[in-house]
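As written, the chain order gives the labels A, B, C, D, E, F, G, H, I and J, with residue 1 at the start of each chain.
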């Protein structure tokens, strides 16, 4: 069973149960963003989390097994076309050099890890139009000299 | 004078004055991230901000003029190679579909603006290794039907 | 059911009913361009519009559900090959810098939104050959400084 | 003298005279969009227009000659990165298939010419935020059978 | 039925009838090159021509309908690999700038239309080796100033 | 001296003498298309032709030498952007498979040479708009079996 | 039946008969390299050769027909990844300019044909390790001036 | 001094001395193909060979030093455009899979080295047109299992 | 049976037997890395090794045959996206020039073979976090002059 | 001063002093591989190391300053062409999936860091041809769930 079939099955179950990612994340005791990413096939779930999710949504054992696999993370579009995702790509293009300047000024030569990493999405209500707030939190890894 | 020459001149002045982006941003009354991005040629400065920055750093009038131009935002590498910037690109690739799911669940069909947008970088101290915290804040724009 | 199957089913129904996009758009109370784009899988329909369209064309409930999903907007060809679409791409290439100059002169530093956006197509009759008139209308979004 | 040097010289003269593209277009009796495109090196000016523009801006004879050359239209980025231009590219990607459906329904099998073509940009004032209105007008060219 | 299935069906019928494109074109009253291109899915046939072709080759009504559709012209290889087609691509690369010089010298600033366009292929017998003669005939379209 | 400098020098001399490619080709006893291509650096001139051209245009000996070199034929854009050249590329994309069918039907398995090859451009006057006629003539090369 | 299915069928038959390409080539009276290339779908077989091969390997009439078709030569990877094929690509990259110098010194301005062309592979035994000897033999085609 | 400047200097000296690559190779006791490749910056010369070549052509010590450097082998065009070099690329595309079949049948699983490798070019006179004969000779390297 | 089906079958058998690559490699008398690579379709197994592996895992004869084929080594992503594999790609990008300097200083002009090559992976325990140790061992191949 | 000028200056000094990277690394108390990478502009040197290196090689203060900057790591070729570097790229392509299997079996879901990373190159003498031994040592980073 491919991860995109797993994702489709989970989304169908989620819709028929009328649950949100927020609710699913809370039910399995993890962040909604991380839970979604694992269901999309971009993170592997610990056994208990996978079982909890499959119980919640009434999914078969093979889904449960698939969710525990270490996924191969592949994306097809070097430059994404969907407007929501492209805007994130554009932010990396426009602000990449700026972030390098600012992060390395604060921390020294190194990078923000994308592995020892978490991310949250919040809704900030605003009379001029609500705002999306994305918070990324990654361990700073200094370059090693040897 | 090209924007990359402007950037080099500003960085040289910043180093000879021993100032950080944090201090420069505070001095001109703007966020350090936005200030850096304007100096990198990725945002245009209002006249007073540009003047304030040039006074602070002792820069010529042509730098001041250049900082007020509406920049053409160009990046050469569709896939960035510098490890710090690549990790951000990787986050878009790995979590792009997840963010689409989560944002559209919270807000409906639409996107997070990269124009009506701000970003901060903070250092979170941690005994296991300090962490980089990036917060993005963009207006939600719903798709218009007509 | 994939959006390209949805699109094929709608086009087949449209042809068997002998309806034009103009007539379908009018019947569901939306612009023909927007209606077509939603049927092509590039915009999501509000529930009533989807129901109205499915009644008009005699389509099943699963088409109605699919039309309401928030679509992932993907196109395969970075440079389109179909001559009608390529000419639009060519206009962006030839006149992109010009539009940047003219729009930013009129509005200041910012962009025309492709989300808060509408578009119409008209036929202008002309003895030397009829002309296609495309009108795009997008909200101006000024860059935010912070 | 390369066309990008010509463009820079014209923009410098335009700024020192304090003229807008709107005013320059009106002064030489052409549309502001077309006038800008010719100054950007994407259209050739008739002799009188070039002379009129060079008189207005106080430019040398070699600029006048360069403006009359038939330009080779080249753009570097298959997918543009500047946000203003990218949004136009995105519109082609998202709505290309839709425009093909709608135009060919109205006109038959053929294309909108990008050569026998004109374009205007207007500002539509709106209390919720001004709007950019771009109107494209191109001759319909039916495919020839032989 | 996809256009590549239509093309395969036509070629199979053509082979079983022992007809050449020359004979088919003559029978339906059109040029062999154009007739072939329509069967390959790159041009749409008027109703009578499609019926005439289907009668000649004994093909079903769905082929007849498919031949009348306005095709979406797509090719996969930006640089073609088949040696016969590559040589044509090479001619565009080697002689493109030359053709621009020569055509614009004869006609002024503009292009040769690929829509109001026809093409013939002839065999020129020659004792040193027969020669392929391709004649392209396209309307000159002058750039419009506005 | 690079071939693009050679080309610029020749074009400047051609303009100051007020000669067309037609006249230059006739004066040196070669086709205008071939003569232009050699001046653009895409063919090597025999010694007498180069001398004749340099006498006609009053060019130095180093131009004469450069014209006799065997050129390395390089083009930068896999997909050309200039509209005149793109239309030729589009013809290869749209009609490539058709030409393969028609040529191989007439000649057997093989290709049209782009080396043992000539090309002419003519103007066909037409009240509905003049037409460009391009004639390509290349030796048929059958595939060798061994 | 696609050419890759034809190739698989031939290879399966070859293996079950225990024959080498060397033996098959000899049996049908052609070079092993050419015979292999025709079975891989990169050359068309004359009728007698195809029949002889199908008799030898016990293959059906539809294989025999398919082998006689004029193939469309397509390869997917602009830069091949298989190490054996990549080394050949590397040789073209490293020695391409050298071969141009040496061939054009010996023959004048022109190319080696890849159509009127043959190739052999031999094994040269050597105590330090056997060596692969590839011999290419192509007609020299001088550029034509006209 | 870059290798392309070294190559230009050597070619200028070669031309002023009226020597061929054949003669230069013979004079320095190496193959003409290898000698040319070293002068093009694609192989490093042993000290004595470089000195011998510089004496023969009257070149400075810095050329002699540059010829002994271990070159970084870079080519710009993943798919070459010059027709002579493209034909070699085409041969790799058309016959790559064939060569893999034939070489691995004769030698087992492995590759032909492009490092422990030599190549010769010969002219084969032929009344129907002379032929280019390229002979490649590379050590077979079997894959190692461990 | 394609190699990716072979790989899936082997992985399923490996999981149902509860064996690691380490144990499988030891059981068939080969390195775990090499054994894995052969199961992934990137190396061919000698007959005895393939039989031993199929006995161990209870696999059919067709798997055994497939494992002995000489594989065509193909990878789809010129730049890999999976974070584990990308880090290796990044190391080649960041340290490629460095390795060229250091290897050629130690060995002279030449390369490290990727064919006469082996690789091991070890776990180095470390209280600050375990470390991955990859050791590559490839024959040095000096460039041949001829 | 660009990093490639810094690198050239260092290499020139290194050659005139007759020092190897081995000797330079030992003199400054760092690994030869890391020292080389810092001189190539791919790592930043601590102040003392940079001073020690500049003293050793007799280099100016601006070189010393440049070596301490945090470099932007850029490489031009997504697929490298130099044979030594390509072989490393090929190893990533051929063995990437294998390394993912083997590393994740030993360590769980995660990656080998390319930042907290070191690398050594050794020469293994061997009568059949010396061997290059590259050892990579990177911290294992487990994916974080949150």
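Keep this in mind: a residue touches a chain if its C-beta (ideal position, glycine included) is under 8 Å from a C-beta of that chain, and two chains touch if they have at least 3 such contacts.
Keep in mind that what you see is a predicted model, and the values were worked out from it rather than measured.
The chains that touch both chain H and chain J are G, I.
Counting steps between touching chains, the shortest path from chain D to chain I takes 2.
Shared contact partners of chain F and chain H are E, G. Centres computed as Cα averages put chain C at a distance of 30 Å from chain E.
Our note on geometry: chain A versus chain H, Cα centroid distance of 51 Å, whole angstroms. Contact with two or more other chains is made by residues 33, 72-73, 75, 78-79, 81-83, 90, 93-94, 97, 100, 104, 110-111, 113-115, 117, 141 of chain B.
Looking at which chains touch one another, you get A-B, A-C, A-D, A-I, A-J, B-C, B-D, B-I, B-J, C-D, C-E, C-F, D-E, D-F, E-F, E-G, E-H, F-G, F-H, G-H, G-I, G-J, H-I, H-J, I-J. Across the complex, chain A is touched by residues 72-75, 78, 114-115 of chain C.
Those residues of chain J lying in contact with chain A across their complex are 30-31, 33-34, 38, 43-46, 49, 70, 72, 97, 100, 104, 108-111, 113, 115-118, 141-146. Interface residues of chain F, counted against chain C in their complex, comprise 79, 81, 83, 86, 90, 93-94.
Of all residues in chain F, only 20-22, 32-33, 36-37, 40, 42, 73, 75, 78-80, 82-85, 87-107, 110-114, 117, 119, 121, 123-124, 126, 128-141 touch chain E in the complex they form. Interface residues of chain G facing chain I in the complex, by the touch rule stated above, are 77, 79, 81-83.
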